[in-house]
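Per-chain numbering from 1; labels A, B, C, D and E assigned in written order.
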Amino acid sequence: MAVETVKCDFKILILATISGGYAGADSVGQLHTDYPANVYVLPVVCPAMFPEDFYLRTFERGIDAILVMYSGTDCPYKGGAERTAVIINHVYPLMETRGIDTRRLRLAAICTVCTKPFLNEVIQMNHVLQEIGPVRQKRNVPVPV
Amino acid sequence: MSTRVDPNLLIDLQDYGAVGAEKCFNCGTCTAMCPLTSDEHPFPRNMIRLAQVGAKEQLLASTDPWLCYYCGDCASTCPKEAEPGETMMALRRWLTAQYDPTGLSAKLYTSETAVIKTIVRIGLIVLVLFIGYHALTGFHNIVTNSVQLNTFAPVMLVWALVLLHGSMLFYRMIAGVFKMSRHVLAPVTMGNKVPLRIYLETLPVYITAFATQRRWRDCHGDDEEKHDDGRWFKHFLLVTGYVTMLVLILGFLWWFQTDAFYPLWHPQRWLGYYATIVLIYTSSEILIGRWRKTEQLHRFSQPTDWLFPTFILTGAVTGIFVHIFRYAGWAWPTYIIYVIHVMAMVAMLDTEVGVGKWAHLFYRPLAMYLEAIKAKVREEQLVPDFAPTGTD
Amino acid sequence: MSDKREDAKKRAILLKQLREAHKETVAHAQEKLKAQQAVRRDICKLMREEPKTVPEVAEASGIPAHEVLWHITAMKKYGLVVETGMCGEYYLYQRVKDGKK
Amino acid sequence: MPDKEPLPAEEIRIGVYTCQCGGNISDVVGCARVVKAAGELGNVVVSRTNLSLCSDAGQALIEADIKEKGVNRVVIGACAPSLHEQTFRGTVARAGLNPYFYNHVGIREQASWVHHDNPDGATAKAIRLMAAGVAKARLLEPLEPIRLKAQKHALVIGGGVAGLRAALDIARRGIKVTLIEKSPFLGGHMAQLEQVFPTGDGARDLLKALIQRVVSHANITLYTQAELVGVQGVVGDFTVQICQQSRGISDDRVTAVNVVAPANLPDEFNYGLTTRSVLYQPYPGCYPATPAIDWAHYEDGCLELNGEPLHLQNKPKTFDLAVGAVVVATGFRPYEPPIGEYGYGVLPEVITLPAFIRLLALAGEDERLEFNGRAVKNIAFVHCVGSRQLDGLNEPQPDGQVNDYCSRVCCTATLQATNELHQRYPAINVFDVYEDIRTYGRGHELYYNLASENRVRFLRFHDDELPEVLAAPAGEEHPALVWVTDYLTWGQSLELPVDLVVLAVGMMPNPVDDIIKLLKINAGSDRFLAEVHPKLRPVETAVPGVLLAGTAQGPMNIQESCAAASAAAAKVAVLLGQGYVELEPFVAIVNPALCDGSGECIKECCYEDAISMQPVMVNGTEKVTAVVCAANCAGCGVCVGACPNRAIDLQGWTLKQYEAMVDALAAEDLFALELA
Amino acid sequence: MKNLQVDALVVGGGIAGMQSALDLADQGFHVALVEKEASIGGKMISLSKVFPTLDCCSCITTPKMSAVAHHENITLLTYCEVVALEQNGASYRAQINKKPRYVNEESCTGCRLCEYACPLDLPSAFDMGLGAQRVIRVPFSTAVPQKAVLDIDNCILCGKCENVCPVADCIDFTQTAVTFEIHADAIVLATGFELTPTDAKAEYGGGKLRNVVDALTVERFLAPTGPYGHVLRPSDGKEPESIAYVQCAGSRDISLGVAYCSRICCMYAIKQAMLLSGALPLADITIYYMDIRTFGKGYEQFYQNARAMGIEFVRGKVARIHEDAAQNPVVRVEQIDDGSVVEREHDMVVLSVGMLPSYNPGLIYNVPVAADDGFVAQSAANISPCLTYQPGIFVAGTAAGPMDIVDSIVMAGAAAAETAAYLEERRAVGMAGNGRSPQTTSVKEVSYA
């Protein structure tokens, strides 16, 4: 199993709003539905707080994909959702200029009970990564057995 | 195919003594408790349910009520106190009434006045017959200086009347039997006739069932604490006594009712004594039980349940007195008690055949017999089986 | 030093008094303890060398299986017995080699 | 933190605790491996695991480490932060540490519970998440909660039994209450009931007594025909905007008013079984007693006073209120079956249970029950209409969802109706068509028993073989037929000839999308308003200061609604009774040294007066920088992403902390730790 | 022991009592919580996971237990019982009997060294007799307070515990019961419930069949702190492959004298079935039932999930259970859906026992119970469900009839609201003991001469 794990050892970072995506991820947990273990969810108040360079820096550090799970129209903060979308749209061209596949960044609205959409996002992103490979090709990590 | 729910049957059944069928919430405890249920006959809940939805046709086609011997396990474990056993009892009464083409049974079951009226009427008819006979013979046949019973009541005349009366009753019973058979066999015959061969081949079922009522012994199942062959045995004794008496009267009255004193070793005396003692013992036992209401099956006695043991006791006791008075040579007391004896016996037969234990005694083995016929028909695949589970 | 001895003495006297006061329950409990120790000895003997299942211990010792299970459960709770795996539908238990605890 | 004293450069000593959660975590995640890996991270001085950290013993363990081992930052890997973050914050505070020197990492819902098939992966993930938690912990700052003045005044939305009960209980605690009711009269759906289970009391008698207590209470102000139209502010200090319609005619003139037309509007109080006029009162003895104008049907000239036409105008007035908390008791509406469901809307003989209750009430002392001019002899009740629906089998609601929940009250309500029916019309045959009888509550089973004894005939269907209601063939005695595949009769198809079919319809929440939006609360997938946690915080919403009462939250009977309302009142009293509210200190803060006064943050901020440009002293020189007003800051962080200089940050959620967490998650060297 | 003056006395330290106490204390009222056992937590603390969220039960209970123990406005009194109550003007004077722990409650650190040293094991009531506990022990791992308690009736007075105890004079065999008074203006009864005893029904083996257990036992099997640490059947420790639930084994059955529905059994059976199929993936689980009553928020979906998981639901009330030669319980039931009677053998049968009233407050509190179910009678059941027929005495949780945890917690909140309003209103008319307002009260313990 160890080999298998390393093969798909992509890292997906999820920035999830406490009022939406993070609670949604917790809901998935409460349903005891399994999904790949390469997904790391960090709670955020509102992803609008992250400037464009935060995303670029994250990819540079070796995170293979970022899913921004904001609350969309349910965002409890005025202007938060719109602002998030604006920033993400700014990031795409910056990614292109740096040769980072733009499919590595996705913005999705996830609510507290959006368990299926959450899983869909995670699975789809894993499919994308299977196709396009890791963000950095030069990992010389010993293969654990 | 659908059945239209008839809300009235449950109300009608209450007249026959159903005391809790409406309370049943169909949990199935009773059926699973009952040691007599089988895959083909999972009662009593199925019967209660059919009663609740008023499925008359399905009830008429069922023999399940006759397969229950009312041990009371269903009632003592029922979570709703719905008295499933009593509903089975009520259904037996109701079925008896349905089988009876004269409609008399229905009347007797549902009306206490009808019962009393019938008894009084029949008793009076007997009395009138006696008085009429003696009036016609100018009261010459009443010998008072010695006991001349066969002169007071000429045995062949009495026998002829007994046979005549018997055949009338026999007609009613046979009609009931035919009606029951028609309904019960309908699901397998589908309009065709069951070959006579099958009737004859399965006849032993009827005979053993009638003679032994063996099923009864399975009551309470393997619960050793409650298991009680005594009740079955008492009943068996009663049957032997009753049948002995019946055979003596129907077949050998000329031998049984005699002015001659047989010696003590004579079988006539022994048969008579045996029957009388057994009848007195068992009937008084039953009456005491009913009076105390200790056993589940006695908790909801109806008048018709009292009739049979009461009459048996009356018949046996009066019979003994006739015997004693005859020995003592007291003419008038012998004649009077004899008339009462005959009145009671005739009244008993008339009421019992329609509604009492007589009917039970008769229909129970018949139910088993019909089931055996059905099984045989199915086994031989004479007709396809379309009957749904639990309904036949 | 003498203080301690004094204390110990006092305590011994107190316990004795208490034992007297609770005579019946103490006697009853002592019986229970004796019986428990005897049963435990039998059970532990069987599990010392190799792990055994509850029915195996029950069969070999003649103690009813449910009682064996209870004693093993108790000893497991206080670290005297460990679970070593499964054999069919039953867990295997072994007496901890050295140890009271 | 420029405003504060520079902290003495203390050594950062982190304690890492991995909770086994009674096996919930440790069944999948190798807690020992997590402990070992975390123990090797920088600044970590203690790394432990415990069966249940939230227990007294577990908390004591952490306290002891803080006191004895000098731990000054705490990282806990346990269940979701929403459950126990507060618990442990209290633990840390009890040990004398700033409660915000604490970071909670969710490794149950987001590791052990979602990677059952991959214990190694789950363990590795837990290690990385814990490492990220430690990375954040290194950068934690001490924070002080923001203490806000609390208005000792609550708003209760909804004048049904739950709203009334909540208002009364809050008022009885010495807190002012404003109760607003959308309709012109108090009482809600309870007013439409007659006898109520389990006591058999008259619904309107109970209600009248409750309303009497509410309206006579000095602390309660009441507005009917009033709706919530605006909300600003936060817990303790909301400003709510309320819009109230005109009632129409004053008390002294109302008796003299003559209604010209329209006088035959369907009376919703009786579910259209009767009509009412444009100036109406739902029932005698209602509160307020003054009749109200139905503005939707009002036309000029339809009313006369002393023979002269009256000219009325609805002039809604809007006003603001300052309240500390809001109780949402917006109630339910009965499920409205779509045309054709069990013959509803197609056969005139099919009505809903609420309408049937009105029908019985209207029948009064009549000797026989009539419907559509025909004597009713047989009635069938059908359970679970609009409840316990299955996807693909039932027609979904406009939102695409079926009502897959149980409405809780319909079983007992139906049996109560059959019992009342039997009492008044013993000759009527009653059929009850059900899936499961759910007379769960105290005394409810007695209603079932009584119904059985009343010879109600029960028929039981399977959820995938629903009964059918059809018109009877011409010439039949009874106009409708109900077909049931009855599983008490071993699946036989049974036919019920009936004169009336009563559908025991379920509950749906009143549509309150506007209120949900205004208060920023959530509804669950069943559309009822969602509580935070059914056991930990059963009457609270995710928005502090907004509470739930009654059937807005889910199906409940009167007793349960009242209990929930009282429980909400207790929470309001806890919140406002002290006169102040403490808020979490997660607001934006400006580093004046980095701020160049560009104003980008103000441009993006959507909150009034949250950030402003003000002169401040920085290193002895005055300069104009952004300044945050904590009470008005929502803490969203939009300003953080907008600042070109990283001069503004969110307390407790700083950008640097996120970068550190990302670094920890991405770190390669953690592999060694994971495999340890 | 000093006498106490408090605003409210809460009787019972289960979830309802704890929640009432917390909701009152958070409003600034002073509360005394009296619990007869050595630890608070009630029945809830012994459960494994709770429906419908499947949260770990102790994760919900222990923080509340901890909060009660730490709350500055709550005085927690465990191992205490109210033995008499007097009306003292408009308030109450309760006489409390504190049972001896034989351990000094102040100085015990809960280190459990005594427990390990004790030589005698006893069946543990906390584990339904299937696990063991020592004569001296901390009641259970998450007990609050974490203090040892000694069972003097089973003690041989060997003194081993005393020898190992690291705290001087902590174990004290001479301790006796102590009596003191609590003066309270209001009382909340949260005295809880009892379960139907397993020997209640002769047809179900009368408590003699070892592999017929009640549902609370299964909770212990499923709990990580349970006796076996696995799900094993009690007769021989076999891991069961087939488990059956018998619903209404104590409810809705007049032959048992209980006509009412116990409200929780359907959900806990479904929950346990789901947890069991997680713990024993190969096991077949069957639930025999009459009506499934999953009426609460999210419950119906829970039931549908269980059906989708493959848990078998059989309609029919089990009539009898007997044992075969291998001690496998055999149930006999009519399967209502097709009317057939079957006998099915299982490895273990779980009785979904019901709730019975555990305490009649008539004698001490003069609070009547309802004639039909024996639970505390509610004087205004619909509008004010927490009122009893005794002014100033309120009821919360399962003392007022069967209810699940969610409903108990909500009702506990309601009882706190009623009590708080009652106290406030009494103060307004000057009837309160000292005319204190909750915010200004600073005296917590007052000694009475």
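Definition applied: a contact is a pair of C-beta atoms (placed from the backbone, for glycine too) under 8 Å apart; a residue touches a chain by one contact, two chains touch by 3 or more.
As the structure is a computational prediction, the values presented were derived from the model and not from experiment.
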>> Under the document's definition of touching, what chains do chain C and chain D have as common neighbours?
In response: E
> Of all chains present, which has the mean Cα position farthest from that of chain A?
Replying inline: B
> Measuring between mean CA coordinates, which chain is farthest from chain E?
Replying inline: B
>> Closest chain to the overall C-alpha centroid, by per-chain C-alpha centroid: which is it?
In response: E
>> Looking only at C-beta pairs that count as contacts, which pair of chains has more of them, D-E or B-D?
In response: D-E
> How many angstrom lie between the CA centroids of chain C and chain E, rounded to a whole number?
Replying inline: 30
> With chain centres defined as C-alpha means, what is the inter-centre distance between chain B and chain C in Å?
Replying inline: 68
> If you average the Cα atoms of chain B and of chain E to get two centres, how far apart are those centres in Å?
Replying inline: 57
> Roughly how far is chain A from chain E, going centre to centre by Cα mean, in whole Å?
Replying inline: 44
>> Two-or-more-chain contact residues of chain E, please, as numbers and ranges.
In response: 53, 252, 336, 338-339
> What positions in chain D touch 2 or more of the other chains?
Replying inline: 437, 449, 488, 490
> Mind pulling up the chain E residues that touch chain B in the complex?
Replying inline: 203, 248, 252-256, 290, 316-320, 332-336, 338-341
> Considering the complex alone, what residue numbers of chain D touch chain E?
Replying inline: 20-24, 26, 51-52, 54-60, 79, 83-84, 87, 90, 94, 161, 165, 169, 172-174, 196, 198-199, 201, 206, 209-210, 387-388, 390, 404-406, 408, 436-446, 449, 462, 487-488, 490-491, 526, 528, 533-536, 538-539, 553-555, 558-560, 562-571, 573-574, 577-579
>> Can you tell me which positions in chain B touch chain E when the two form their complex?
In response: 25-33, 37, 39, 42, 45-46, 76-81, 389-390
> In their shared complex, at which residues does chain B touch chain D?
Replying inline: 1-5, 7, 10-11, 22-26, 46, 49-50, 52-53, 55, 80, 388-391
>> Give the list of chain C residues in touch with chain E in this complex.
In response: 11, 14-15, 18-19, 22, 25-26, 28-30, 32-33, 36, 53-55, 58, 65-66, 68-74, 76-78, 83, 86, 89-91, 101
